[in-house]
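Shared between the two complexes below is chain A, which pairs with chain B and chain C, respectively.
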Partner chain A sequence: MGRYFRRKLLIYLLTFFVAVTLDWCIPRFMPGNPIDILISRAGLRGSAVQTMYDYYTRVFGLDQPIWKQYLNFWASLFKGDLGISIYLFPTPVSKVIAGAVPYDLFLLIPSTLLSWIIGNNFGAFAARSKQLDNTLLPFSYILSATPYMWLGIILAWAFCIVFRIFPLAGGYSFAMKPNLSFAFIGSLLSHWVLPFLSLFIVQLGGWAIGMRNMIIYELESDYSHYLKTLGSPNRLIRKYAFNNAILPQITGLALKLGEVVAGALATEVVFAYPGIGYLILQAIHNEDYFLLQGCFLFIIIGVLAANFIIDIVYLLVDPRMRAGMQGETA
Partner chain B sequence: MTARSQKHEMLFFALRNTKLRVGVSILLFFILLTIIGPQLTPYEPNDFVTSGAFPPSSEFWLGTTTFGEDVFTQVVYGLRATFIVGIVGGGLGMLIGLLIGFTAGYWGGIVDETLNMLTNIILVIPTLAVLLIIAAYLKVRGILTESLFIGFTCWPWVARAVRAQTFSLRVRDFVDMARISGMKSYKIIFSEIAPNMMSYLLLVFILQFGGAILTAATLDFIGLGPTNTISLGLMMNMAVLWSALILGSWWWFIPPGLAITAIVGALYITNVGLDEVFNPKLREM
Partner chain C sequence: MRKIVLTALSFMLLLSLALTGCATPTPQVVVQTVEVEKEVIKTQEVQVIVEATPAPSAEAYPRNETLYTTGVQWGPPSNWNPWNGGGYSIGTLGLIYETLFIYDPLADTFSPWLAESGEWIDDTTWQVKLRDGITWTDGKPLTADDVKFTIELADPNGAYKAGLAFQNMWKSLHSIEKVDDLTLVFNFKDNPPYQEVGFYFMYQVPIVPKHLWEGRTAEDITGGANENPVGSGMYMAELMDQDRAVLVRNDNWWGTKVFGKSPAPKYIVDIVVPSNNVGLGLVLQGGIDLDNNFLPGVASLVKGGYGIKTYYPDAPYMIPANTVQLIFNLQKAPMNDINFRKAMAYAINVDDIVQNDYAGLVKAADPTSLMPSWEKYIDQDLVKELGWTYDPEKAKQILADGGYKDVDGDKFLEAPDGSKIDLKITCPSGWTDWMAAIQIISRNAEAIGLKVTPEYPDYGGWLDSLLKGTLDMSIRNEAQLSSTVYSYYMWIFQHPLETIETAQWGNYGRYDNQEAFDLVDQLDQVKVGDDEGIKAITSKLQRITLTDLPTIPLWYNGLWAQTSTKVWTGWPSAAEGDNHYLHATWRGYWNMTAGLMLLDLKLAENP
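Presenting the complex of A and B:
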């Protein structure tokens, strides 16, 4: 158990290290002087140019030796200093991101967990049932081949423009200010439904297919055949198969996170939903590279944290792991 | 059973597998459209052929964009970009994954530890986030650059799968025999181990192909796709950016997404079909 955790932690720390290093390298080793590019692209005029030039020179520290630039980058990172946003000048990047994160969590956590639970149960139900296999399985494949943003666009078009049930853009009504009234929460929810649905639906197909394949594999295994010869009811065999098949699906959840995050970014762009994805779009359009790099780091940290949580859940769920844990303490 | 009759058996099951037939037919349709499509249209993808957005008609088969560009022309040229990304990006990812997977799986020990660590690290980092940063700093982006970057980031899946397979194959008797007879390591890998997982590698490549297409579509949609050519993701990006939704120009954003879904879906279904052909346990009785 201790070994398992140490290994995982080492990988996560190394990943974080690689990610931060990438984040530092990319602007510096791309062709052209980053400061010139940043200033010219920001479209600043007059005294603002000098101010920004000084600021960038100081932040990038380009006059210092390269190893020192690198250390400085880490130092400011640990102080939570990710630079200042150009798009929302002069708000610090960390503050801009903190404002967007709740929307992301609110969107990602329910859609991922619900699609995982429902998809797995549905896949387990559909396995070895000829009718469901032939009708709903192809449908699941089509779902998992659908680009997130396209489903988002279709939903937006159907429910916002044609039927006018849900609002099209934003995290809440533009006429409102964030407060704790029922009207505001209602507005939040009605803006949330469609991005949630498009993330939920696309992910559903993948889980259902994965679970169906796992269950078929388990039903072919020796213990299932043994149970069958003992005359156990089908329900019991299926239950055991499900318990065994769910473990790889937990690992699958961790492996899929990157893809889900990418899907969420694109979905937020479709609905102008004010999460990290929307921030990234604004950062690209406004050439706001500090914001872009901050978003990048934040996504990495979020995915690593989620991975770690899934590892812990796996430990709690897998009886073999639990046994190992007790064996070590005993 | 001889190798020859085994091949016949494969072909027999391949031809009567519905999933395989449907998947391959859809793929062939889109490949044909990509090749002959440009001949079917007198326009270039960014020609302004009329004034404003019109729904599909006999003159403009899929309608026109707000700027008066022909959607059908954009789709057939965009398909080309899609297939290039799939082949180059997916292929490169496959190649790197094979190299790392074989090396790690065959040699084991410290080589395996190191490569496995590297694979796990790249696997955890959300690929799209890295691609976003790189693309944002490149001023001019071509379709090949995009494919290369996708290829360099999508290999961990292949590496993991190939490593696991190599692990189980390298302790088999015939590999030991080859080793005892003094065969060189790379030769053992390519002539003894690799042929035994060919069917598996084909399946992995198909998934890589589809994955590369989806990644490129997302990247293009966010606005970081190729700057010098049209692509299906870029079409959707333009459609959303120029309020095709509010104007109700459904013919602008439905075809590109439908094409991507159809191609990737067909790839997945082909994959399942092939799996059933290769693996007798999965065949429908």
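Presenting the complex of A and C:
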């Protein structure tokens, strides 16, 4: 057991190092220069441009040799300092991200987990029912192929413009000040429903199809037939099939997390919902190295942590893994 | 047990699917298509009331006291620093911090604001008298000391040396003296740049309180967040969050006494709207009162009875705010050939761009590229003599006469020296209206046998190609509505050439003509209001732009503004009886006449 985790931890550390290095490099490969963009937006003229150019270059440490910038980056990263956002100057990146991340977690975790749980159960259920399989499955295919953006626009149009059940934009009512009251929490929730639904529905279709296919495959496998010939009840067979089919779905969940962030980006733009996705878009347009680094760092840590949790979950749900490990130690 | 859970779960799924199914309207509504629109409008009105009633305690900003705006902020607001020109939150300059004068570009007049008067008492001395009784929002009086302190912040030999936008003015400004608490004189060296004095000192430089800014570092002044701004203006900062910034009315504002009125909305909530569909939806719902985003196709909404207004009821709907120009890299062949540029001028079908790309929301530019607000400077005889209109046949003729031939038979022309012409025209990725425009230009060029391919780099890369001069052709529109046509000509003829990269203000094609540069410098030294003097010089400059075509004026980009009359009325418009202020929340517009617009707003009868 210990060896397994040591090995995993080493792999995660290595992945973290490589990912963060890439995260540092890629923004700097972009053509152009963030300071130029900052100055161009500020509308400075004449000698003020040179003064401010030098000043900003110094503030962001961009006057130093590139290897030194890289070392500085790691040094400050360990101190928890992500630098200052160029685009949202003078706000520190950690403050920008801290303001946006709660919205993301609140959106991504429930939509991903709920769609996974419900999708899997529904897929397993549909695999046994001819009628459901024939009617709802094609619908699931359409859902899973739907771009987040498009579904988002449809939802916004239907529920915000036509039926006016949900508000169209913002993290909470524009008439409110953040406070701890039921009205405010209600407002937070009503603004959250549509972004959540657009992520939830698209993911749901995918999980349902995956599970349905897996179950059919498992029900046709030798052990199922063997159980059947032994006269086991159908329920038992289905239970085994489900237990086997869920494993690839767990792996899929780990893989899916990275993709969901991209989906969140589209959703956040469509519903003008605050969050990290929209920040990434703006950071790219403004070549904001530090904000981009910070956002991707959050994603890297999130994906690695989720994978780590899934590794542990695997141990719990797959007896073969446990058996294998015991074999190792024996 | 498991079965029950499963059934419940699948029921939930069905429900969620059914909800998406709801997107299609019920048959009844479909049948009565004409009725639907009316119904929608009715429900809108009801909805506003419904939203306003529940638990009034929870609503910090009641609908009938709040002006909702969008169009200035593209990301989370980050600061209230008036010196952070590209990043400050809504109204920091103009509504919180104020300028000595304000400028009305449509009437070309300055009006006293913090100042009561400003006069040149001799050729190099400008005397400013401040209004009596103005106070900062912390109660301290605003005096000549604050003005002197503000101007001296940027003095390169002063205590702060802050890199502020008007720092260059210190090249000609000798000193600034306080005469008494309300009077100051600005002492200039010989030949003061009158036009820039009018531009910067009269309405661009926000006056900040000395007692709160004293002792800050230059870095904090230019870049600090200035979290609790203390200004003198009609609004105060209230709140900043991820997707909004809020201002609250300053009930002790000096203008209430002077103008006999104060702004009607107690709050201004500025919303960060990242995409057009959201902006459009909010305007239609009456959730936004003033939207300063470019909304393609808004013309049909203005005509459709949705309660949405623009400045003009018909094309071009918007006030022209800047001129979009085709810029050439004049250091590269064949763009350095006047025949090539002239042929392009005749080849581009600007009407096609205006009608099909913008659906009539913009207006084709005059060949001099001077906006309607500068129309009085246009030398019409020159335009008649040297102007051009869309004429591809003539363009082909010019190219043929200039020696352009198709040598290798690929249907594209080669340069007179036989080399292949394969050019790029660029604009930033995501600027969809411009992307469509350069596609049209590319097709127009192809029609006369020139290979010009549109490309859409990221903003950073695109800006870099302009600053470093590596572009072939591009389009750009920096020079905005302003008090001086000098700012426009400085943009065309930025000089000397080696400063173009750091100046970041025009002449990206590196046009080199000492005569033009000297004329621009002379133009700066014409007194504000001396229209004849300005005409004498700009007429020579127009001759140069019309003969040499350093750029080709294409169309006037609009001051995009959509207003909703559901809650607030009294919006500016071209109609007689309405006010003609600028309804823009953009940076640099509150210190024009957008501030006055707020004073004229009225609550609608049934908000």
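Going forward, the second predicted complex is superposed on the first by the 261 of 330 C-alpha atoms of A that agree within 3 Å, B and C clash if a C-alpha of one lies under 4 Å from a C-alpha of the other, contacts with A are read in each partner's own complex, and residues count from 1 in each chain.
The criterion applied here is as follows: contacts are C-beta pairs under 8 Å (C-beta built on N, C-alpha and C of every residue); 3 or more make two chains touch, one makes a residue touch a chain.
What you see is a predicted model; the values in this text were computed from it and never measured.
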(request) Answer with first, second, both or neither: which of chain B and chain C does A:G99 touch in the superposed model? (result) second
(message) Contacts for A:I284 in the overlay, against chain B (first) and chain C (second): which applies, first, second, both or neither?
(response) both
(message) Output check: A:S144 vs chain B and chain C. Expected answer is one of first, second, both, neither. What do you get?
(response) first
(request) For A:F200, decide between first (touching chain B), second (touching chain C), both and neither. (result) second
(request) Give one of first, second, both or neither to describe whether A:Y4 is in contact with chain B, with chain C, with both, or with none. (result) neither
(message) For A:V270, using the defined touch cut-off, is the partner it touches chain B, chain C, both, or neither? Pick first, second, both or neither.
(response) both
(request) Could you tell me if A:T91 is touching chain B, chain C, both of them or neither one (first, second, both, neither)? (result) second
(message) Output check: A:Y240 vs chain B and chain C. Expected answer is one of first, second, both, neither. What do you get?
(response) neither
(request) Examine A:F308 and indicate which partner it touches, taking first as chain B and second as chain C; both and neither are also allowed. (result) neither
(message) Going by the contact definition given at the top, which residues of chain A touch chain B in one complex and chain C in the other?
(response) 30, 32, 34, 37, 151, 153-154, 156-157, 160-162, 168, 269-270, 281, 284-285
(message) So in the complex, the part of chain B that touches chain A is made up of which residues?
(response) 19, 117, 120-121, 123-130, 132-134, 136-139, 210, 214-215, 217-218, 221-224, 233, 236, 239-240, 245-246, 248, 250, 253-254, 256-258, 260-261, 263-265, 267-269, 272, 281-282
(message) If we count contacts the way the header does, which residues on chain A are in touch with chain B in the complex?
(response) 11-12, 14-15, 18-19, 22-23, 26-27, 30, 32, 34, 37, 138, 141-142, 144-151, 153-154, 156-157, 160-162, 168, 216, 220, 255, 257-259, 261-263, 265-266, 269-270, 277, 280-281, 283-285, 289, 292-293, 295-296, 299-300, 303-304, 307
(request) Under the touch definition given earlier, write down the residues of chain C that touch chain A in their complex. (result) 5-6, 9-10, 12-14, 16-17, 19-20, 22-23, 25, 40, 43-44, 47, 51, 54-55, 57-63, 66, 68, 74-76, 78-79, 84-87, 154, 156, 161, 163-168, 171, 218-219, 222-225, 239, 241-244, 269, 271-275, 277-278, 281-282, 284-285, 287, 430, 457-464, 467, 502-505, 587-588
(request) Enumerate the contact residues on chain A facing chain C in the complex. (result) 30-34, 36-53, 55-56, 59, 85, 87-91, 96, 99-100, 103, 117-118, 121-122, 124-126, 132, 136, 139, 151, 153-158, 160-164, 168-171, 173-179, 181, 183-184, 187, 197, 200-201, 204, 208, 268-274, 278-279, 281-282, 284-287
